[in-house]
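The chains carry the letters A, B, C and D, assigned in the order they are written, with residues numbered from 1 in each.
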């Protein structure tokens, strides 16, 4: 393992410190328990808090700021944060209209946020993101995983919250966006968790992992490495099948947002090549890609790979996707 | 059970986790995300470091403090589950009394119930519950029958081991391994393993006394 | 080699197509010869054209748009573009006030842009970027290489050009920014050029390459892998020594811009950790980091590594760094 | 030299580049950026494909077209350099005439001069010029002495090889390898190697005639 680190135990704090100093105009870092908030506390709106294991940067701290999150609680690498973090963050950002937690659907995150919510002295609601359609047979699982689609949920809910909308309205929009979003990931290499010191899984030069999760969890199946168009075509099929199985229909104008997300070690050049193929294939299925996002938005440390996310837009979602946002990792119109 | 014992047990538990670094780390790498060892190390080390503040507390309060500390140190799935265990165990001891082994067994069972409720899982789903549920049942059964404490320990260690080994042939339906389907078969669940190790460490401590 | 590609010969075009479709609101793609321009042609300003080998994305096409470039000419992977591309791009974006080429100082780029400039029917000037201070003895070289500092030059010159400044003024600012900027890179792994199919250099798990270039050119020397703070400290020293040797003084307020640039495969978490240390060390040397940029801005395909860039600000540079910009990879205030 | 010969030479040159893929690719990986083979392949393949449009042109015009095509296909450092070579050679042939081997030698030397001017390099800097300058000098010398063409070819091949080999012990002061300092020693310059190969291919073609 070669990484730019000092002591494994200090990675998180040193990195958070760097983030906070680099974006001192946007965020404040609070330590022990660890959480980050907007520099300037927002007033009179639902406070939106997300969080999860670290190693997915810029998720979530990179999305703190006007139009998106009020606070983020970073756990250790790939490990859910703990309830004391959420409680302290909520205490700091609560602005009279309740707390909305946006939580990726992993047992650890769900339970830790749940315990926080139970202990919270404020009204709260939770949007569980579960866009990963890789896990086919849902009776075998505690539910679909939340992956890159989480960014779209955070953006849209964050936008709505700025308008002064109620906690219920924010939760409803979050659930809708999550429902209209599906993702699937492919890994070419494993990530290496610093504390483990070696790759999470072994994979040869002729294999890929289809349906991989953002922690390097093994996916649907190990497949033979093949050309990009074939891989992307399988991703597109998986997503369309998922919408069909869940009876989610595109809106009238069939507009969709296509997010091609790098897991950390895949060059932008390849991400755009994948975007090219994915957009073409979705178009062939009658879906108009009218919004797009290409880059590293929900990573898995140094994993080489990509996830394809499609969000079926309607006018409301589109409006909130397009609205101004000012965060470290996403900035539009301000 | 005295708080002194709890403090010693915490050290033994930390020790067994650290001794089994490689095993725990590998198991969670195989069917999870590889952090179970480090999570457990962080939590058990924090507990082992609490001996001074625990020393003067009655067992129920000590266990509650341990639960809260685990809640804010482990993280992941195992954090809230193990925290719920200790907090529920503490609550039961407080309400029900702590004057017999049976009371401890009942408190242990209440802790396991809390895990079931928090994680919405049950036996056979390839989790720590495959160790904890049979151990709780056996613990209550044997202490109801007023068995000798050394015999109880030997039996619980055996039950824990059986439960842990049984996870090997299961498909996971809870936790991270749930995404794997058939591919989880052949691998022991890391949480089941760490629970078995902790039970073994505590039982061995009693046997040595 | 595992990459998301189809045929090696099609990578560039497929990726450019993806880029152009994903950013259809910002750019237009022209093929044979290949170049990209702003969607809406700017009027009455110096037209700014950059370009270079591909594989450094988002450089340069990601910086096309208001406040930065008017056009970019992408060459094949790590290979300079050819003069016919620059000529066609210039023809398209020329807006009556001449053409400014921003060229990274590599023999190939310099000569191809030079030949284009000689053949050009318009007035033109060239800013050569040469911020890489890795190459110590400049009598041994055809000059310092242009690396991530190029982004700062493009941003500042692009900003000035929007004000209607003359070609001479734009060139002067570009030269000043370049002069006040120094960079040094460190690689932990090699990149793999798709056409070559295997890593450009071999490097063991206990080594790093200090002073590496953005094409995986071997650097100053092969060193032993060590903790991040020591590596960063060497980078900071190299940069400060370089400024000293070149007699470049910080301005009155000692303000500087710190750019921590990932080469492609290094997680954001590590980049922020590096930022944390670098900012601290520069501060200890009396330099105030008042502006920052952390992320993958000038990459070397899938190389794991980082470059540290310091730009000594003055009021003019700061003003142009802060001004609005709207490109695919950098967006501020619009 | 007739245009027919130029067309055949273009094919031979493309052939030798492709045959030496591994060598050229490795050399540029060692002290450059690894693209020299693919650049040369792209350029020489484009030229080899021009035979129809070249066929009817006088040599000078054919060489000029070749230069322009190389300019828009090779890229990198070698593109403008080789393009300048052919364009300057064409210009010289046009002005100076193409009726003797000496005229060709002088045109060749003019081409090399254009490379020197464009790249601001000279002999001893570990570039293609370490092959081209001695070859040009020798070419002019031997044709001034009216040597037999086969003898000239044999001599130029030898000179090219010597120049190419000589780059091995040099420190680079131009091109990408310039960043390497001492570390470039022990590696042959890729551009020198491709020039030597191309000269060899053309000479062999003449020898075979």
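Just so it is clear, a contact is a pair of C-beta atoms (placed from the backbone, for glycine too) under 8 Å apart; a residue touches a chain by one contact, two chains touch by 3 or more.
As the structure is a prediction and not an experimental result, all values here were calculated from the model.
Visitor: Among the chains here, which has the CA centroid at the largest distance from chain C's centroid?
Guide: B
Visitor: Where the centres are mean C-alpha positions, what is the separation of chain B from chain C, in Å?
Guide: Measuring from centre to centre gives 54 Å for this pair.
Visitor: Just the number, please: Cα centre separation of chain C and chain D in whole Å.
Guide: Computed from C-alpha means, the inter-chain centre distance equals 32 Å.
Visitor: Counting in whole Å, what is the centre-to-centre distance of chain B and chain D, each centre being its mean C-alpha position?
Guide: Taking the average C-alpha coordinate of chain B and of chain D, the gap between them is 76 Å.
Visitor: If you average the Cα atoms of chain A and of chain C to get two centres, how far apart are those centres in Å?
Guide: Averaging C-alpha atoms per chain gives centres 29 Å apart.
Visitor: Which residues belonging to chain C are in contact with no fewer than two other chains?
Guide: Those would be 77.
Visitor: Chain adjacency by touch: line, ring, star, complete or other shape?
Guide: Drawn as a graph, the chains make an open path, so a line.
Visitor: Tell me, which parts of chain D touch chain C in their complex?
Guide: Touching chain C: residues 25, 29, 31-35, 38-39, 42, 71-81, 83-84, 118-121, 171, 173-176, 178-181, 183 of chain D.
Visitor: Of all residues in chain A, which touch chain C in the complex?
Guide: 1-7, 11, 14-19, 21-23, 54-55, 57-58, 62, 77, 188-189, 205, 208, 225, 227-229, 231-232, 260, 264-277, 279, 289, 292, 294, 296, 299, 301-302, 304, 306, 331-334
Visitor: Hey, which residues of chain C end up touching chain D in the complex?
Guide: Against chain D, the touching part of chain C is residues 33, 53, 75-84, 106-108, 111-112, 114-115, 134-135, 137, 139-142, 145, 193, 195-196, 200-201, 211, 213, 215-219.
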